[in-house]
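Okay, so here's the structure we're looking at.
As written, the chains take the letters A, B, C and D, and residue 1 is the first residue of each chain.
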C-alpha cells in the first residue's frame, strides 16, 4: 500500500533537508576570505613546483579498483550476516558459492602479479 | 684530555716535513692536540697524503671550520682529522689573505666536507674551487655579505625597541 | 563517599552560555551557540619548528593531554585547521613559508605564538631570526617562556577559547579586521 | 629478499605476470617525473628541513635538500657571550638531550682552563648524561614507530620521558632546555628527592622499555617495514662523517666514550652495540640496546656514589672559575673578590685553543674553542653530528619508495636545532 511508505519518505526528506541546509547555511554564516594566494594548492608553504597532471602508472588505478571490488563483496555479506539463521543451509551454500567465485578472482589477480607493488 | 702519544706526533710531523718541506710552516702541541699549519698551496695534497699514508691513516674528517683574523687581514680554515686506526687526532690550519679567499675543495677527499664547505662559504665567503654546488646553505639565499666575519653586526638591524641608550652602550 | 565529596566531582562538560531556559527548552543568542561550538572544537596546526615543538609533544601526550580541550585532531594542512600554533624559532628564511600557511588557512582563524622565539625572537636577537612572528602575520595570543611549560601552552589555548567563544559573527567582516589585513597587506 | 605474501614463485604456473606492462606504449622521449615537495612544514619530517623529490610513481629518482629554516647563528652569538652565558645556547642545539650538550661545553671550558673536577662531579655528570641519552633515544625510537604506523608505542613510552623531565626539574628546575651544571661542576647538589626519582626510574623503566620493544621489535609489519630500508655501507658512512648510533648501526664500533674516554668513563664497563647493514631496523635495535647499556651505566654510577663517603662536594675546588657558595661570599674576603670577578666576567682566561668532543645521543658532538684571553671566546665552532651525516640522505633513499624514505629520515634522528645551529 503506497500510504505505508509515508514514514520512509519523511525520513529521506528530513535527512536530505538537513544535509543540504547545513551545507548552504555554513556558506552564509562562516566568514569567507578568498584571495589568489589562498586558492593556490598548498605545497608545505612553498609555491608549487611541477604540476599534478602528469601521467602515472596504471597499477595505482588497478589497486583502487580491486579494493572497491572486494569491498562491495563485503557489503553483500551484511544482509547475509543479519538473517543468517533464517536462511539456513541453502542460504549458506549460495553465499559460499558467491565467495568461492570471488576467491578465484582474487587468486587470479595475485598470480597475474597485479598486487606486486615494489616492482619498478 | 686526549692521550698525547709523543712519538706518534713526531712521526706525523716528520713524514709531513720530509714530504712537503717548509710548506709545513709550524707545528706544536696545544693542550692535547698536535696542530700543524700548512701553506695554502699544498693543503689538498697534504690532506690526501695524511689520509692515504699507510702509517698515519687519518681516515675521518671530524670537522672543518672557517676562521677570520681581522688584524692579519686573513681568512683561515681549520681541519680536524681523526685516525680511527691509531686513535690520533690532529688539527690542520691554513690561511689566505682576504683579497683572494680561494681554497681547493676537499670534497674529493671526504664527501662529508661538502656541506661543511658550503657552511664555511656561507659564513666567511671562502670560495672552494671544484665544489659540486657552492651555494649558501644556512642563510637566506639573497644575502650578500658574510655574517661570521668580525665586522658584521650580530644584532638584527630592524629592531627599533632595543636602542643602545637603554643598554648603556 | 560523604555528602560534600559528591559535589566536588564536577562533570567536565562545557558550561552552557547564559540564555533563557524554561520547561524543556533553552534559548540563547545564535552567536553564543556558534561560539560555544567553535570554542570546543579548535583544530590546531602545530607549526613546530624547534624546542617548543618538543614541549608541544609533551602537551599532546597523555600527561597534559591537550585533547581535554577539544583540540585532539592535529591537522598539518592549513585547509582543515582553525588555530595556527607557531612553536619555536622562525628564521627569516621561514617567514614567507609561515605567511603562506597563514593565508591558506580557512577563516575564522586564530594564531598563538608559543614561546619567546615566536613572540619576539627570544634570546636570538641575531641577523637571521625573525624578531617575532607578528611582523609577518597577526597574532592573537602570545605564550611566554622558553620553552613554556605545557600548562602555559594549555593556558594560551584557553585564552584562545575565550576569544573564539565570544567573538561576534561579524568580526571577520568588520572594518578593524579589514585594516588589520591591510596592515599585513593580505587582501 | 622480501618474502611478502604476494610473492608466489611464478614457476609453479607459466602465467606471464608482466601482463599489465605489455600494452604500455614504450615512448622514446624521457619519462616525465613529477616532483614532490616534502617541505618545511611537513608532519613526516619532524623538523623544518625540505626535500624536493623527483618521483617516478612511488620511487624516488633524486632528492634535493634545503636546510637552514631555523638558522639562529649560534657561532656568532657565542663570540659575544662570556663563557658561562654560552651554556643556555648549547642546550638549544640538540634540545631532545640538552644536558649532554651542557656537560660537553663545560668539559671543553675546563680543558681550556685546566680545571680538574673531583670524582663525584664526574659520576654525577655521567648519571645525567646517560639519562639524557635515554630521553633522546625514547623520542627517536618512538618516532620510528609513529612513522611506520605504530602510534601506541609512542604514547606509552613518552610517559617515561615525562618522568625524566621531572628528574631534570629536581636538579635544575627546567624540563627541556636545562642549562644544567656550571663550569667546574654543578650549581647545587642533587636533592634526596632527585635520587629517589632516579632510583624509581631505574626500577620501572626496564619493564616499560621491554614492553615497548615487545610491541615493535619482533612485530611482522614493523620488521617488513624497516628491515633493508635505507641500508648504508660502513665505508660510505665513514666517508660521510657518520658518528653515533647511525655509524654503529653500519657496523663500525666507534664510540667517543670508549675511544677517547672523558669524565672518567673508563671506570665503567658497558657494551657498544653495533648492527650489520645499517638499515632502519639496525638503527632501532642499536638505540634500544644503548638505552639498556645506559641504564647499566647509571646503576654502576649510583653504586660508586653510594660507596663514596663525602656526599656533598658538587663542584671543583678551583676558586678562580667556580662561584663560591653564598655564605662564604659574605664573610670571606677572597671569596667575595672571586665572586665579583667571575660574575663580571673579568676572570683571566688563558690564550689557547681546544677541541673537546662528547658522545651525544646523535653522535660525536664537538666544541672547537679558540680564546684570545678576552672575556668571550674569539671563535667557537660546534661539530654538529646531524648537520654532517644528513648530507648522505639523498644517497640512502635513491631508488627506494617514498614511505621508506620517510622512515629512513626519522630513524636518522635529524634534529632541526642541531642541523642549522
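Please note the rule applied: contacts are C-beta pairs under 8 Å (C-beta built on N, C-alpha and C of every residue); 3 or more make two chains touch, one makes a residue touch a chain.
Here the structure is a predicted model, which means the values were calculated and not measured.
Taking A-C and B-D together, the pair of chains sharing more C-beta contacts is B-D. Taking the mean of C-alpha positions as each chain's centre, the chain lying farthest from the centre of chain B is A.
With centres taken as mean Cα positions, chain B sits 60 Å from chain A.
Averaging Cα coordinates per chain places chain A and chain C 35 Å apart.
Between the Cα centres of chain B and chain D there is a gap of 25 Å.
Chain A and chain D have Cα centroids separated by 44 Å.
Shown for chain B are the residues in touch with two or more other chains, namely 138-139, 147, 152, 154. Counting partner chains per residue, chain C shows two or more touched chains at residues 93, 97, 101, 126-129.
Each of the following residues of chain A touches two or more other chains: 44-46. Taken as a contact graph, the chains fit none of the simple arrangements: neither line, ring, star nor complete graph. Here chain C touches chain A in the complex through residues 34, 77-79, 96-98, 100-101, 103-104, 107-108, 169, 171-173, 181, 186-187, going by the rule given at the top.
Only residues 47, 49-51, 54-55, 57-58, 61-63, 76, 88-91, 93-94, 97, 101, 123-124, 126-129, 146-147, 149 of chain C touch chain D when the two sit together in their complex. By the touch criterion given at the top, residues 43-46, 48-52, 54-60, 62, 110-118, 120 of chain A touch chain D in their complex. Residues 138-140, 147, 152-159, 162 of chain B touch chain C in their complex.
Chain D makes touch with chain A in their complex at residues 2, 6-8, 10, 13, 15, 17-20, 24, 32-35, 37-42, 50, 52, 56-59, 401.
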